[in-house]
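Each in structure tokens, the structures are laid out below.
Okay, so chain A shows up in both of these, paired with chain B first and chain C after.
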Partner chain A sequence: MLLRRIYQFLLIYALGLAGLLAVKYLAGLSDYVIPGFGALWRTGGEVTGRYAGDVLDTLGVAVVGQVVSVLLALVIGILGRQTTWFGSFIKVAAYNVQAYPIVAIAPIIFILLGDGFLSRLIIAAMICYFPLLLAVVGIMSEPVTDIEHFYRQTGRMRWQLEVKIRAFENLSKLTTVVSGSATLAMAGTIVAEFIAAGAGIGYSIRIALYQSDLAKILVALFMIGITLSVYQGMLERAGQMVKQVWAR
Partner chain B sequence: MQLDCRHIHFRHPGTEQLLFEDLNLSFDGPGFHAFFGPSGVGKSSLAHIITGRLRADGGEVHFAGARPPLYTHNQERLPDWSSIGRHLERITPTAAVEKKNSLVELFGLSPLLKHRYSQLSLGQQNRINLVRYLVQDFQVLIMDESLANVDEATRVQILLAMKSMFPQGLFIYISHNVMEVATYCRRIWVLRGQEKAPPAVLVQGRDLYSGQHLDRSALERVMLEIMNAA
Partner chain C sequence: MGRHGRTAIFFFGAIVLFFFLGGSAGAGLKITYRLKWLINMSTVGDILADGMGFFKQAGLDVEIKAGGPERDAIRELELGYADFGAASADQVILASAKGAPVVVVAQLFQANPLQWIYFKDAVRLDSPSDLKGKRIGVTFGKNDEIIMRTLLARAGITEDQVALESVRLDYTPFYKRQVDLWPVYANTQAVEIGRRLTQAGERIGFFDPGDYGVRFVANSVVTSQRLLAENPELVRRFITALMQGWRAALDPANTETAISQVRRYDPDTAVDLLRAQLEATRRLIRPEGGAPVGRIDLPAWEQTEQIMLACGQIAKPVKVAARLRSMVGE
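Moving on, here comes the complex of A and B:
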């Protein structure tokens, strides 16, 4: 799973790069607009070490933001699964709030909290949180009637058992959702850094943009992609291990 | 122990057609009884009304027992996070442990206790599901095709064992097997649909117990009576 993710990313990155170079040579564009392969290689040698540190900095924020989002989505999803007015209220609120673009309120967070770690974390968590919440509420609200029937009939159903049954029956779906949310957390952190922060790979991309240095941006994209592929592969592996241990 | 359905009116939400109109039937005490009839006539729906899973549009279900009727069907599953033996241990009341052990033996499930539910055949799955209901403290148990996919010989063994082990239980067996219903059930309510009057007809079955001789000609008469009524 991990290797497949890396292969897939390398393939897509190579195709994208080949497309860019094709456009460059077909349209006769200068190295200033789209750098050649040699310039890319040189830039890679110069900035890879620094960008690796930046990407890890961003990933650290994204991971913490994702963990916060997953925990929050689980708590709210479990509360929102009920058919009471409170459950309905949570569901309606989640659907409505997620429709609002979180990036649009990012400047407010930066104005209030500054351009440090906390702002990046909050924006990453918020971007990651709502899709997670919708998925968790969807899974937790859906009864597994053929299993739950017995426990309801005999008065054995407790909320813990209900959550356990629904989580177990949808473990693959949950793993996919959590793994997919890693991309959102990373994207959220990069967006936050791109808007106003003073650290991370998003900040480095912003500087490269001001310098109109596409080679640096392409190296940064490579670093982001490879790191995210490894992280998602590890999450999927962890999901498989949880399922194996649970069903042992 | 008396279970009565009085003047039941019911239509499925969103449909025009009445499923039951002034349906009256009763079970007058413990024993093995049955609902019989063609598919779609409302056997499972009536079971749901009796157990409160569906609300009738009119009429009432009267049951004077201390515990509400239980309903089991052949599409239930056990969670796969532990073995069926572990599941049975967890849901068996302390007072019923001996009973559980006997049932597991009688139902031919002893060699399977370490297996997960998904590793069993359909017939084995239905048997383990039935066992977990039988170890509960029930007065009425409605079994909707609960022995589907179980071979003939094992079904006979299970039905006879249940009849001798639970003389105080009121069982309502829903099955399409006319011979089985005619042989082992006492009161057989044949549901006939709205186009026939009355909508339900009572037939007395042979109510065979372990060790009794089966009168073949009497059984044939009961089966004919059921088929004519349906």
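Moving on, here comes the complex of A and C:
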């Protein structure tokens, strides 16, 4: 699965790059608009090491942001699963709050908290959290009637058991949601870095943009893609292991 | 086809012809002009060329498009999205080094507006060597970083003797005095922040790289080599009309017109502030020694290229002089 993720990414990246280079050579564009293969290779040699460090820095923030989001989404999702006033309030609040574009909120966070780790973490968690919450609330609100009915009739149903049944029955969905949210967490961190932070691959992309250096941006995209593919592959593998352990 | 069909086609054709002729009657040649930044007092001459009808008199229908960090006029010229653009010298030199077919046809700013603001009670700056030990704000990747590194190198200050701090548009670190020097544009932010701090009783100073011999060219007007080769007359007409706009901006008689025109795009800046910004902009635009507005300062361009070469921004010389084709009638 991990290898499949990597070669799928390499294929997509190669296709995208080939498309760009085709446009460049067909339209006769300079290296300033679209860098040639030689310029890309040279730039790759110059910045890959530095960008690898930047991507790992970004990934570190994204992973912490994702863990925070998953935990928070599980807690709120479990509370929001109930058909009570509180459950309904949480669902409505989640829908409403996620409507705010993060680029509008991010500058306020940076002004209040500075351009360090915490601001990046909060923005990553915010971008990752709401879609996760909606998915978790959706899964946890759906009764598994056949199984739950037995426990209700025998009077043995407790909230912990209800959550466990629903989580187990929807484990594939939950794994996919958590794995997919890795992309969101990474994207969130990069957005935060691009807007105002002073570290990470998003910040490096911004500098490359100031320098009008598309070659650097393409190298950065490669580094982000490959890192994310590995991370998502690992998450999927972890999901499979959890499933196997639960199924015993 | 029946009689009714022919009549319908006749009327349809007549309507199309009416709108086609009506739409084109009086309209000039369509031109797109991409600015370097958002429309503010730094673009007053561009706005007046349009607002006072100079483009129209030249038979041009110019669409002025605001710029921004994600906009690049030189790329748009090559892709055919713009006919003219405003770009700084470092952009032109970088693009030339990568083979972009760009030419400079006029130089708007005769002095670079980039300066560093500081609190006089905390910092004393009599020469670049006083920068040693200071916390200096720079936008990594932009020309203020290159200029500051040049100043430091000339003063013999190594990187470990100063702290270069990454800055954005939020001035809080400067106000909190976490950073000693903060980059500002002399004709826009410097006027606004300077006034606010002075009113609050602070004593502020400005560190101008130009005072220490660093002449790094700022905004210029660029077009593509193809347009200049195929239609030099069009380029001349555009530049003539544009320079009329900039000359009008320099004329004190047009102060109120200039302010009202810029306010159409920048309604949030107070009129008295715009007036002060206009005065500061005039000082940057007016060439020395009676030279025409928009003249290209060749030595300054060559120095800019040398600075970029020394800082490793370009790997080899681009012979920037070959990219300069003044159209301002020197």
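Assume the second predicted complex is superposed on the first by the 248 of 248 C-alpha atoms of A that agree within 3 Å, B and C clash if a C-alpha of one lies under 4 Å from a C-alpha of the other, contacts with A are read in each partner's own complex, and residues count from 1 in each chain.
Note that a contact is a pair of C-beta atoms (placed from the backbone, for glycine too) under 8 Å apart; a residue touches a chain by one contact, two chains touch by 3 or more.
Remember, it's a predicted structure, so these values are computed and weren't measured experimentally.
**Student:** Kindly classify A:Phe168 by the partners it touches after superposition: chain B alone (first), chain C alone (second), both, or neither?
**Tutor:** A:Phe168 contacts chain B only, not chain C.
**Student:** Looking at A:Gln160 after the superposition, I want to know if it touches chain B, chain C, both of them or none. Which is it: first, second, both, neither?
**Tutor:** A:Gln160 sits against neither chain B nor chain C.
**Student:** Check whether A:His149 is in contact with chain B, with chain C, with both or with neither, and answer first, second, both or neither.
**Tutor:** A:His149: touches chain B, not chain C.
**Student:** Mind working out whether A:Trp246 is in touch with chain B, chain C, both or neither, as first, second, both or neither?
**Tutor:** first
**Student:** In the superposed model, does chain B or chain C contact more residues of chain A?
**Tutor:** C
**Student:** Would you mind listing the overlap between the chain B footprint and the chain C footprint on chain A?
**Tutor:** Looking at chain A, the two contact sets are disjoint.
**Student:** Can you tell me which positions in chain A touch chain C when the two form their complex?
**Tutor:** Contact set of chain A toward chain C: 29-33, 35, 39, 107, 110-111, 115, 196, 198, 203, 206-212.
**Student:** Which chain A residues qualify as touching chain B in the complex?
**Tutor:** 146-147, 149-150, 153-154, 156, 164-165, 168-169, 246-247
**Student:** If we count contacts the way the header does, which residues on chain C are in touch with chain A in the complex?
**Tutor:** By the definition above, chain C touches chain A via 69-70, 72, 74-75, 78-79, 91, 94-95, 98-101, 139-142, 166, 168, 170, 172, 313.
**Student:** Under the touch definition given earlier, write down the residues of chain B that touch chain A in their complex.
**Tutor:** So the residues of chain B in touch with chain A come to 51, 70-73, 75-81, 91, 116, 129, 132-133, 136.
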